[in-house]
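One structure is given here, and the rest of the page talks about it.
Labels A, B, C, D, E and F are assigned to the chains in the order they are written; within every chain, residues are numbered from 1.
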């Protein structure tokens, strides 16, 4: 399929993990979308950035740790881009060194531009 | 225009399904096409067949089924449904259960995708 | 983009989070509990006026009437629309929901 | 039953109506509790005060209007006290004249004292 | 001490039921009594019998049923359940379904009532 | 009273709403997403320090570790407790939840 024909979809993840567990089902959708060779992006902003925090151990809650999944999504599941918003990180006292996965840190202005290019924006 | 609808909240407690319903009705009246309604996360609860609200209250499962009769495609995510107990035997129509590929399909074929 | 906000600004930060993402020509659509944002005399009157300097603000009529906020209680220049208008706005701009 | 033996229960209503519809089921519980002759109070604070706003017409959403129910609860269903918090009203630009039901307006300090006297606090 | 538990959120999407579960286990280990768990609002979904999460995930309906075997009383509100389709045929045990009077009863007989 | 807070302060106003209700000897217990409140360097560090001047603040250990916040990242004088400790606090004080 040519680049032009690909549908541009972005998952917008604004929710912290575990308290409200959108994360697991959002990932299930990302994996599926990746498999169909579309142009899929994932953006973490607001409390969503906590999903990428290093050192999570949700086995204490009987839950799975997805923080390292995102790199795999990009490398093996054909997700085009994974972004995390710089301002949301800063407000929460987090920096690049606090992240469990290598993702692209974008400032709000740049992320806003990316959002604007999408055909479909799915909010979680 | 073609609209795809994603519903993520369950019935009654959240207004999302009501808003989505009113949007769909208005869109169809204006001559637009609804490519499908995908029920994800707690949204799958909207299709529980055993819903039995008091008589003077709207039955969300039923008003959705009426939309379906008018040609609106309803899709209940199989994985989200299984986790929560919305399966073949408890959903209003087992044929509605399908996979996440259908959500991507809605993103591809619709001019606009709206999350409720 | 059409920014759809659903939650009361007194309860969650969705309104503020979305304001950060407003671009020129973007539209703000307040539905469900987010309609409390536009009540005159409330804490968010100035926030609404601030948005209105650069962007249009629409409010779903059924939601605001359901909640007992009359037209006179709504910040000036906020426009009411019905579900038909909601559909039209989605046609005009690509929607993003701030749940 | 003597006053001393009654169980003091308070419903704490902090959620605006319709968007998240705790109200209807909270009222169903209030009605039931009133019937058992306990000492039942209801407190509206934060966005919960919007439940009492005058002029509501949720028939537009296919829903019922409960704003006038609260007076009836007190008069006919043996709910002891219905309070609304003064500071929450003010922050939302509301005053006594905006309320659909005659309820007791208490300031935060007084409401805090009432909460402290309860045996059970149920949050909605 | 005697603890009464009120659960208002459904399973998986919200952590409320997990927190309540861990609280109940810890309370029983410390020798306290759980007077009952009342499922209200979306909390009724926690008792759907058809829940079938992936094998490596906890089955919330089942871990609650294990607590029940240890003597913890589970009560699903009949009105909240009917509205949502959690009824005789879809709940894990029809005997758990009861009225709001049971919630008041918990308030009366418990030393502490905790909302999750 | 034992004030139980569950939501992230970045997302909802439950923390601020509950602070208004703190009395002498009341305890604040942060669980679930509310544990993000006590992270050093975050926006709510000063809020926590303010509460600590008059009241004790407890944080559910399983929730904070699950979220990857290590002990060194927690504002001083906030105490971690396990579920057993949670039960003990409920015995000490009557609980009120701020959902």
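As a working rule, a contact is a pair of C-beta atoms (placed from the backbone, for glycine too) under 8 Å apart; a residue touches a chain by one contact, two chains touch by 3 or more.
These numbers come from a predicted model, not from an experiment.
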Chain labels contacting chain B and also chain C:
A, D
Taking contacts as defined above, which has more of them, A-F or B-D?
A-F
So, in whole Å, the Cα centroid of chain D is separated from that of chain E by 25
Chain C to chain E, mean C-alpha position gap in Å, rounds to 38
Between chain A and chain E, what's the gap in Å when you average each chain's C-alpha atoms?
33
For chain D, give me the residues that contact two or more of the other chains.
18-20, 22, 46, 61, 63, 119, 121, 123
Can you pull out the residues of chain B that are in contact with at least two other chains?
8, 12-13, 15, 41, 57, 113, 115
Where in chain C do residues touch at least two different other chains?
6, 10-11, 13, 32-33, 62, 94-95, 97, 99
Chains touch one another in the pairs A-B, A-C, A-E, A-F, B-C, B-D, B-E, C-D, C-F, D-E, D-F, E-F
Note which residues of chain B are touching chain C in the complex, please.
1, 3, 8, 15-16, 19, 22-23, 25-27, 29-30, 32, 112-116
Within the complex, chain B is touched by chain C residues 4, 6, 31-33, 60, 62, 82-84, 86-88, 90-91, 94-95, 97, 99
What residues on chain E touch chain D, complex-wise?
4, 6, 8, 40-41, 79-80, 99-101, 103-104, 107-108, 110, 113, 115
Footprint of chain D on chain B - complex, ascending
12-15, 18, 56-58
Please name which positions on chain F make contact with chain C in the complex.
10-13
